[in-house]
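Mind having a look at this structure? Questions to follow.
The chains carry the letters A, B, C, D and E, assigned in the order they are written, with residues numbered from 1 in each.
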Amino acid sequence: MRLGKVIGTVWAERKVPELKGCRLLVVQPVNASAKNAGKVLVAADPAMLSGVGDKVVFVTSTDATQVFPGIAPVNAAIVELVDSVV
Amino acid sequence: MRLGKVIGTVWAERKVPELKGCRLLVVQPVNASAKNAGKVLVAADPAMLSGVGDKVVFVTSTDATQVFPGIAPVNAAIVELVDSVV
Amino acid sequence: MRLGKVIGTVWAERKVPELKGCRLLVVQPVNASAKNAGKVLVAADPAMLSGVGDKVVFVTSTDATQVFPGIAPVNAAIVELVDSVV
Amino acid sequence: MRLGKVIGTVWAERKVPELKGCRLLVVQPVNASAKNAGKVLVAADPAMLSGVGDKVVFVTSTDATQVFPGIAPVNAAIVELVDSVV
Amino acid sequence: MRLGKVIGTVWAERKVPELKGCRLLVVQPVNASAKNAGKVLVAADPAMLSGVGDKVVFVTSTDATQVFPGIAPVNAAIVELVDSVV
């Protein structure tokens, strides 16, 4: 898992059927001091926890699919809206 | 998942049987401003969503296999043709 | 698996249900000489082995879920509190 | 999946039983212009598609095991012998 | 899979139960010319193939668990003791 900041939303008409209705956000990974750290990625937000500007914890890899009821071709998902890191 | 741009198509005569008939595209990962960000990779496009020049969302790791009806030795697949990122 | 140093704790009110009650720590990966090596990440500590300042071995990827009784959307977990590396 | 060039063969007497009789090749990842791009890795070639000097598509992660009849502790495998990239 | 050199052993009293009795080694990844290439990691050596100073092939990701009789929270394991690379 990593800390990240939500910086955008992806809009797409054509997609694989499994992603219909699934919100995809653009996330900038950050370090403990909220400085950019690593490449921008696209994460799903199935629990609708966050929006542009929010600091989040996201999970990558197959584990990301575990926040979906069924299986999905998704490998990054937002799992916590961060209040603070101490 | 990452944002990427399709920059080429792979042609190959000899391949493992599971990949017969599967189109493989060469993809350059990009950031939110469409600048190159990361190493070029090879992704399958089983839903035939895209061609050279298109901007896409691709998924990597085992999750890529979830857009295939059976299992396949594939670890990157195109899942959305991007209209815009806002 | 990697060597790391615990440098913080994540506090979050809103989270996916699977992470209720699960302690998430901020971990700085280090090399064999305890120098910083790689990007800060967030790891679960389900066995309550460590706190801020401790040196640990953490596991990433789906394997991290194997220290949980059920499945969980977690891809990094602390598995050993390091005494020494020789 | 990535594009790569085969640059060597691994010889080993002592190995885990699952790898007896499995040819391991040393592969240099390359970009679309065949320039070196990323760290050298070791990949299995179960379909005997390639030899030193060949350009290939290889798959990494658990997906690599899907080209083996049983399971195997392998996380990179050659899946196509590349003719051209256009 | 990657080529690596064993550079140390991890000693730890407190650990998750699944790792009791499992030897963990500190491994420096190397390239085909045995030069350091990439970050130091911790790998299990369940087949007791190697010791400090040895050159090895190690596997990472979930595949590492396939050299264990049961499941284990391990994502790197040594699978071959390298004699030579040609």
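Definition applied: a residue touches a chain if its C-beta (ideal position, glycine included) is under 8 Å from a C-beta of that chain, and two chains touch if they have at least 3 such contacts.
Note that the coordinates shown come from a computational prediction; the quantities given were computed from them, not determined experimentally.
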Chains touching both chain B and chain E, listed by label: D
Distance between the centres, which are taken as Cα means, of chain D and chain C, whole angstrom: 31
Whole-Å gap between the CA centroids of chain B and chain D: 19
Of all residues in chain B, the ones touching two or more other chains: 61-62, 64
Touch-based graph of the chains, sorted into line, ring, star, complete or other: ring
Cyclic chain order - from chain C, heading first toward chain E: C, E, D, B, A
Complex contact set, residues of chain D against chain B: 1-3, 29, 31-32, 37-38, 47, 49, 57, 59-64, 66-67, 77, 79-86
Chain A contact footprint on chain C (complex, rising order): 7-16, 18-19, 24, 26, 28, 39-44, 61-62, 64-65, 71-76
